[in-house]
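Working notes for the structure below.
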């Protein structure tokens, strides 16, 4: 167990996962605002690297602010949805983009030249105008209708299919989880035999997206100056390790103090450090 | 291409798949009643071996009758749901059995000593009384609610989980398919890390169930006397082959005349014979 | 924890897994001969149901005898190799059967009308005469040569491919395992996109094979009279459960006293009973 | 079908896959040197992006030179092995790195502070000093010995495991393939339950690696200025598409003129352009 504050002293930039590190289903992790106050004071930079594509960075930031955490502004949030947006900009220049998710999530796929279509509105008249399918969020549609439409669209059209959140499930309460859009995408893939392009941790592309933003603002930075902090082995820790970053596992989310050792040894995914939480204890000198 | 009637002459008992062989989304295959008339006339026995656990054999037979096919009676239908029932009889002697599916499908899991519970009615008061989960049909429940409940039940309780129809999808129209309960089960398995017990073709257990019924009525019969007729390589043909039966692929369902050769060579699953359809042409001498 | 001897009193027929139950890499489990003496004395029947297709039942029995366990005779051994043999008898009537394995294992595929060919001897002259591929054992061939030949044979010929031992690995010493032929088959399947027919636990067909032998000798027996004893959740216990048998997990093989509870809850595969070992303590009244 | 030379005019930088694009099992693709002559003349830059980690860029370049293609120098080759090397530099600072592959391939894992160990030399004395496992090439070791050692190493030690070539198989002749190290890694993963870190197309990290080298030498370049040319949908085209590049499929390798349409529609992976080959026809005005 490493003291989180002591650990931070060795890095110039900190990447935080959101869910299980900064907040849980119950709201902010108590004391987490101390961490960001201290980082600001020390002039260390920080970014939130999240697989949550349900809302825009602006709406995600507004949610932190309404809970009293002012430090996290939209420009500090890098979400897998932003990669979906970049992909559409580069590769799908015109036509309709069909999506599964809420209206809030559809923000990611709006850009000049593209029209968005909630997949539930797909019909024989517009199916041939659809040039991409994007799965954004598990809410905002009836699953039976939406998933059957996704399967049939991919059977009939050879178009890019993107899932903007690769997670299979997310915690909904102390004991229960909810199936996430990444889990729904597995089923569509298995039935159609077609692969979704997945954006988000552990894939390197979200880290390079963050990296490219950082090197402009922090010239001379190297990967050794960055610490990735997360609660999930298969996304945060694996992704950070693979990208070449030091990684810190915190025990406030997916893994509990009593089971993290078993999970590390059974998965073979080892963080560089293990900390109780991402809360900086200001009393601790 | 083998003539179906000529082929039948070599066997004493015929196993038919239902969907794609006897009927399609449009109703009965035209002329199929000739086949059963001829089999009756020749005193050959026949059985329908189906992965359809949405309704009881009685209701399935009633549906054939209402369309004008009187030959198929409930005692000639062997469905994967019957194996689920046998499993519960032998292995889950008491308590609640939760299910996903319609009320019609729940017939399969009713038996003395067990109470059935639509999974949507699971709550903190009854979750600990549930001793098995059975996935029967993709209809009869809201997918988001039902699938999330299935995931959380299997995370919290170590109980047998059964899926009575292993198919991932089924044809809904000339061009579109629907996700079947077997496809939904894949997702629940992947998220929970727990395996469903799957009853139905290609698993041998449904063939042995049919076999045990047959040897009582047709003493002296051997596997060489039975022909399995189906439209799907991965279920009917693979299952029949593995059980040691001769198999005939018909081209009225999943596989079309222009693609069956590619599908056989890419899957490596080869039927013993290929026939245009399971319709006996009575004109043909 | 249930006392094994007390448990046996409730059954008429006992199915034993071999490896991890009767013997380990070190030889016979000390005291196991007491179990069979007691079963003989009580006139209870017993069978060994094994996924070991490396040698014929005669050679497997000879190995027990040479270690001092005379009770297990060839007629009491039912191996996955016997199912491969039955398959070839019924479905592959003539031509060459290529195999990977030792010469001892090739016994299973010898029968009138079929010639066997060690896969390493496949060449352009005989490849088109090969009518089936059978994977029997991980020994007896160079892996690079044999596995590459298996891949290319299945790419070029649409023939049945069978693996007679579905296990992925087997224990070689207290801490190390060896990759088994079932594990090698996974790789060939993934590369070729073609599925092997797998015989052996947990598949029902080996239980059916045993069952058909038993009902001739023990008329009136039901599934409730049989106990399956094994050390592995995914083969012995899952297969026994699915076939409708009561199952007993013993802790002398794959699972240790300190980890069986975690493994049961994480896999969702629950035995009916848990016993320290399959050794009957004769002192214990 | 797009004319390759006409297509190139729209881009400033060309990424080429090696196998199936520049060379095949028979040697260089006839006329391919014209392409590089023309690119040099037009002052367009080019890079070879390859999943071949069997030899260093220097040795790979020497092989092109010996066949008469002088244009491809070591600094123009970006191989998945270089990512493995970067990973070890950043994340595994000291101790032993065990590997499977030839001595030539071991070049990638040599760097100050690390000692390399052919996995076949692993024993009880050194196993606890091994801090990473790298799978480089399918040659240079006995598969049974090496793969069993890989399995047991990963069962006993929680260390990073890397595979520097994610391909499952590679063409060895007009009709036959060989199992590649990526295919061997699948089996080790499945048996141990531990995931390899995979470097190479389609993963974004190899494109990022190339990109970072390019932006230094070609300031102001954007992704729209780059064309990825490849023969394989699942690596070259999927990887290029995902990274946001335009992609051109050539029909001189994995896909043939008669089957590319089926393969595109069944996989859902669509290149931006399709060209007969990567050979620039200099006669063609």
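Going by the order they are written in, the chains are A, B, C and D; count residues from 1 in each one.
Just so we're on the same page, contacts are C-beta pairs under 8 Å (C-beta built on N, C-alpha and C of every residue); 3 or more make two chains touch, one makes a residue touch a chain.
The model shown is predicted, which means the values in this text are computed figures rather than measured ones.
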item	value
Interface sides of chain A and chain D: same vs different residues, half threshold	same
Centroid comparison with chain A (C-alpha atoms), farthest chain	C
Interchain centroid distance [CA atoms averaged], chain A/chain C, Å	45
Geometric centre distance via CA averages, chain D-chain A, whole Å	28
Inter-centroid spacing, chain B versus chain A (mean Cα positions, whole Å)	41
Chain D, residues touching no fewer than two other chains	none
Chain A - residues contacting chain B, complex	138, 142-144, 147-148, 151-152, 155-156, 168-169, 175-179, 183-184, 186-187, 190-191
Chain A partner contacts - residues on chain D that touch it in the complex	86-87, 90-91, 154, 158-161, 192-195, 197, 203-205, 208, 223-224, 238, 241-245, 264-270
